[in-house]
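There are two complexes below, and they share chain A, which is joined by chain B in the first and by chain C in the second.
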Partner chain A sequence: MPLVNFTTREITCKLVYYGPGRCGKTTNLLYVHGRVPEDRRGNMVSLATQSDRTLFFDFLPLELGVISGFTTRFQLYTVPGQVYYNATRRLVLQGADGVVFVVDSQARRFDDNLESFQNLQENLLEQGVDIRQLPLVLQYNKQDLPPDLILSPPDLDDAFNFRAVPSHPADALHGAGVFETLKALSGLVLQRLATRPPSL
Partner chain B sequence: MTDVLTAPPDFETFVLDAANRPAAAAARAVADATGVPFAPLVIVGAPGSGKSELLQAIVGRVRAHHPNAVIESFDPDALAERYRSALLVARAEMFRAELLAADLVLIDDFEGLARHQDCQGLVSDLLDGRRGAGREVVVATGLVVERLGGLDARLLRRLAEGTSVALSLPGPEARYAILRRRLHGHETVLQDEVVRAVAEAEFVSMRDYTGALSRLVAFQEASALPLSPRDALLLIGAPVAPVPQGGDALPPPEQGGDEFGAFLSEVSAGLSEQVDRWRRRIGEAMLRWGGEGLRTRRLEVLLADESPADPEAVLAGFEADAAEIVALGAAAARLAPDLAGAEVFRDPDQVAAARALVTQARSRAAPLTAPLPHYRWDDFAEGPSLRLPMMAARDIISEPGRRYSPLVVIGASGTGKTHYLHALGNALAAAGVAPVACLGSHAFAAEVRALPDADALAAWRSRYGWVGALLLDDLQLLSGDHTAQEELMLLIGELTEGRRQMVLTSSLPLEELVGMDARLLARLGGGLSVELSSPDREVRLAVIKRMLDGSAAAGDAALADFLAARPADSVRAVQGMVQRVLGEAAAQQVEPSPSLAREVLDVMEIGLSRSARRPDPRRSSGILTPGMGQVRSPEKTVMRWPSVADRLLAELR
Partner chain C sequence: MRALEAWVEEPLTTFLSESAARVTLLMTSSGQVVAQHGFTRALDVMSAAALGAGIMASTFELARVMGSRPLGAVVHHGSSVGVYLAAFETPRGRWLGLVVFGGETSLGLVQLFFARLAADLANAAPTAEPPRQVLAEDFEAELNSSLRALFGR
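Showing the complex of A and B:
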């Protein structure tokens, strides 16, 4: 649940970008980072290997300012996509208020996507979280690649979106669909504010 | 300041416009009770057009001029809930009568009545009855009467017979005035051009305009640069210029646009909507409790507060206090009719005063039977046979109502049940439990039998339902009295729920009681049963020493030991034994001694033995045969002869 502190008037939401290695999670955060005014963003923490692959995780804090009397913060995280960093993924996933699952649209990465999606469900279950109860948005990244290399959004919906969650085609490198995805997830997360017990 | 003010609406601040003037005038006429009733007044308007605000304005005005007016205000869901609750406790007719007798009835979101078909007849009757009595009903609905679906024909006819007034979205000028009024005291946050641009934007309801204004205020406070009207419209999502729509699956990112700004605007809108829900809830609570005739000052203050620390807690606290004050008011009315309708029972901020008043009324109604003060724990002798009852008593005194309730104390006559019960009652009272009711079952049953009618019964139940502890002696005396048993069962249920202490005594174990309701026995069996058995030597010695204290034999250990060594079924028998010895000593003007005690008690035993044998049919001839254990005088009972020394001393006297 988003952390709402009525005493200090603060709301903090943790959003996690999840997906297979090299699907574009860090690229999403870099694009957001580049579009946020300097006074609204913290330092982006990125621990990457020499080949620019995320070793631990990326972290981008966003200060959204005071909204309806609440100092509102979004914390964006990515997980390392590589199979052998599952412990780190579980750690980052802890306490997530919402997840963007970034799908690499390339047809040859289909199995990697599937494996990562299953891994997401398993890691959530280990933490006692039912993926159906967690705000989730799918992003079909790399839709700018030639059509013969990628699967179309309807095809990807058929494969991954059997729960009919919001899905967005994207080209994270150039920014298309990045904020749409973030907005969709933020909307879902904020809706949960109204259902927190005891609700008002 | 991050949010516009949302003061409770009233007619003074209601911005008039061609779109709402007739509705406002009609509503004001209702509030002032001028003219012929509209019977009913039907306010029709789209969502967000201000229907609920108009109803609140009516309530506020009536309340201002007639503080004691009874106003019933609810939506169909709340009505259905109250009606069904009343049906459950067989008070539907009373509820119907209350609605008919109220000074004013307001029903918001009337179309929602389609979800509650079981209430439609009630509302039809209500409209009929109030129309006949010249009392007003005001109805707010989003649909004109002829388009209301799911309502029965009679109800629709009654609505159609009333007066319908439309409430439309005000024009730009009125919207501007409304928005300026919302910004009252915070006008400098937004430029006037921005407010005007918002007022001229195209939204479907006034709620959208105020929501947009709220978001802009939030955004402006977080931003150093003043918002331009164009930026403002972009932020609130109002159309500024046609937005090009691409047909591709992948729309290009907004080149040169403020993607983060648009994102922030959307998040602000979503967050404002969620966070500000509490304001709507408070408004609803004000309507509900105000409609019940309660003061809602605490909620008004909360609503006026821009950044309350924890509105949830305040609202929950108010609702708990409001519910308690209603219950206290009802209890007071039962106990003392002169307290019915007292002002203190209309103000949730005066719960403590209301409690005190009800306490006073209860005491006044009839004092409860208190435990007898001369029974004290200190006088209660403790021995191995009483370990369990004494442990239970200590636990009860330290945590009344938490450990063993009900506690059932079982013991034969004379084993000290009454002493135990009253002493425990006194100890509970000393520990702060109040009030403690301690009485015999015969008195309990007599009270129940003496109740003349249902009102007296209700007052009696209220009086006992309030006790801190109930102690009832000789439960077996309720055998066969089903009315008293029924009342005791109800009382046990209520006291158990309130975690208050109950202790009952019985001369027989529960399973051996006859003529008792099985449910009552089951409830009692759910507690702890302890037995006061025949006093053991330690108990007898303690009782005897206490009785000898202050007599000529005080400190006579030999006498005390002698007496304690004699068997006795009960403490009462021990006391009788000591009193007989002391009495005999006083009569003979000698000091009590073991030899005197032996002589007196042996005579007594023989006497008892004789009297016990008298009805034996074998003695019907009256001839006593030696060798049958029969003795004629203590001197002939060699087995019971005192020691030689004692005998000599007795002879010398």
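Showing the complex of A and C:
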């Protein structure tokens, strides 16, 4: 549940980008970091290996502005996508208010996407969270690649979007769909907060 | 000092004056900031909280994997400052404290007064209040406009 400070009228939400290795989670955060004015974001923290693969998490705090009289902040996290790092993925997922599942649209990565999506459900369930109850947005990344290499958004919807959650085609490297994805998830998270107020 | 809830302020003020800590950050185990003293920028506080929560989460997990009892605290000692990071239970769940201290105090004093802070917070925590309405029904227009402004669209 987002943290709400009624005294200083602040809301802080934790949003996690999840998905298989090299699907573009960190690229999403890098694009946001590059586009948002400096006074509205903190430094991007990246705990990465020497070859720039995410080891623990990337973290980017954003100050959205005032919504309904509350200064609203988002904490954007990524998880390490490699199968090997499931223990750290579980840790980063703790307390998530919403998840973006980044799908690598390349046909050859289909099984990796599926495995990561199942892993997300398992890790949430371990924390007592039913994925059906959590704000979730799907992002079909790398849609800029040649059509013969990728699956189309309708095909990916058929495979992954059985809950009919918002889904967005994206090219995170150049920014297409990044904003729309973040907008969709923040809307869902705040909508949930509006309908299920926190007890303090 | 900034605290999410007023009842945190008195125990934290006492801790700060007794321990002579330079920076103190209290957070939930998922890295949400509850109170802080010593930071000047809210966004930096969030980064410190994310890192502190990550360290403690991995420490707990490491202990579990090793079949050891949970390690309740981690200490980093540098040449000029030290960092004490510890978990404690409150009626609001497990919280974490991150304390940065210098040569004007010692690890022993920080540990001593931190244990008292944890006990004081556990005693001071009020029972949970009923849910309160946060957002107005028309928040989405404001959200969209804020996001557009943020992304320059």
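The rule is simple: the second predicted complex is superposed on the first by the 194 of 200 C-alpha atoms of A that agree within 3 Å, B and C clash if a C-alpha of one lies under 4 Å from a C-alpha of the other, contacts with A are read in each partner's own complex, and residues count from 1 in each chain.
Convention: a contact is a pair of C-beta atoms (placed from the backbone, for glycine too) under 8 Å apart; a residue touches a chain by one contact, two chains touch by 3 or more.
Model, not experiment: these values are computed from the prediction.
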{"item": "Clash-or-fit label for the pair chain B, chain C on chain A", "value": "clash"}
{"item": "First, second, both or neither for A:F70, with chain B first and chain C second", "value": "both"}
{"item": "Chain B versus chain C as contact partner of A:G42, first or second or both or neither", "value": "second"}
{"item": "Partner chain(s) touched by A:F59 [first = chain B, second = chain C, both, neither]", "value": "second"}
{"item": "Which of chain B and chain C A:F179 touches, first, second, both or neither", "value": "both"}
{"item": "Which superposed partner A:Q143 touches (first chain B, second chain C, both, neither)", "value": "first"}
{"item": "First, second, both or neither for A:I11, with chain B first and chain C second", "value": "both"}
{"item": "First (chain B), second (chain C), both or neither touched by A:G187", "value": "both"}
{"item": "Chain B versus chain C as contact partner of A:Q133, first or second or both or neither", "value": "neither"}
{"item": "When both partners are placed on the shared chain, which of chain B and chain C touches more of chain A", "value": "C"}
{"item": "Contacts of A:L91 with chain B and chain C, given as first, second, both or neither", "value": "second"}
{"item": "Where chain B runs into chain C (options 60-68, 258-266, 294-302 or 384-392)", "value": "258-266"}
{"item": "Where chain A meets both chain C and chain B, residue numbers", "value": "6-7, 11, 35-37, 40, 64-68, 70, 72, 179, 182-183, 186-187, 190-191, 193-194, 198-200"}
{"item": "Touching residues (chain side chain B, partner chain A) in the complex", "value": "2-3, 214, 218-219, 221-223, 249-253, 259-260, 262-264, 266-268, 270-272, 274-278, 281, 306-312, 315-316"}
{"item": "Residues on chain C engaged by chain A in the complex (per definition of touch)", "value": "2, 4-6, 28-34, 41-44, 46-47, 50-51, 54, 57-58, 61, 65, 128-137, 139-140, 142-144, 146-147, 149-153"}
{"item": "Residue ranges of chain A touching chain B (in the complex, touch as defined)", "value": "6-7, 9, 11, 32, 35-37, 40, 64-70, 72, 74, 143-144, 152-153, 169-171, 174-180, 182-183, 186-187, 190-191, 193-194, 198-200"}
{"item": "Residue numbers on chain A that touch chain C, as the complex places them", "value": "3-8, 11-12, 14, 35-37, 40-43, 45, 47, 56-57, 59, 61-68, 70, 72-73, 75, 77, 87-88, 90-92, 94-96, 179, 182-183, 186-187, 190-191, 193-194, 196-200"}
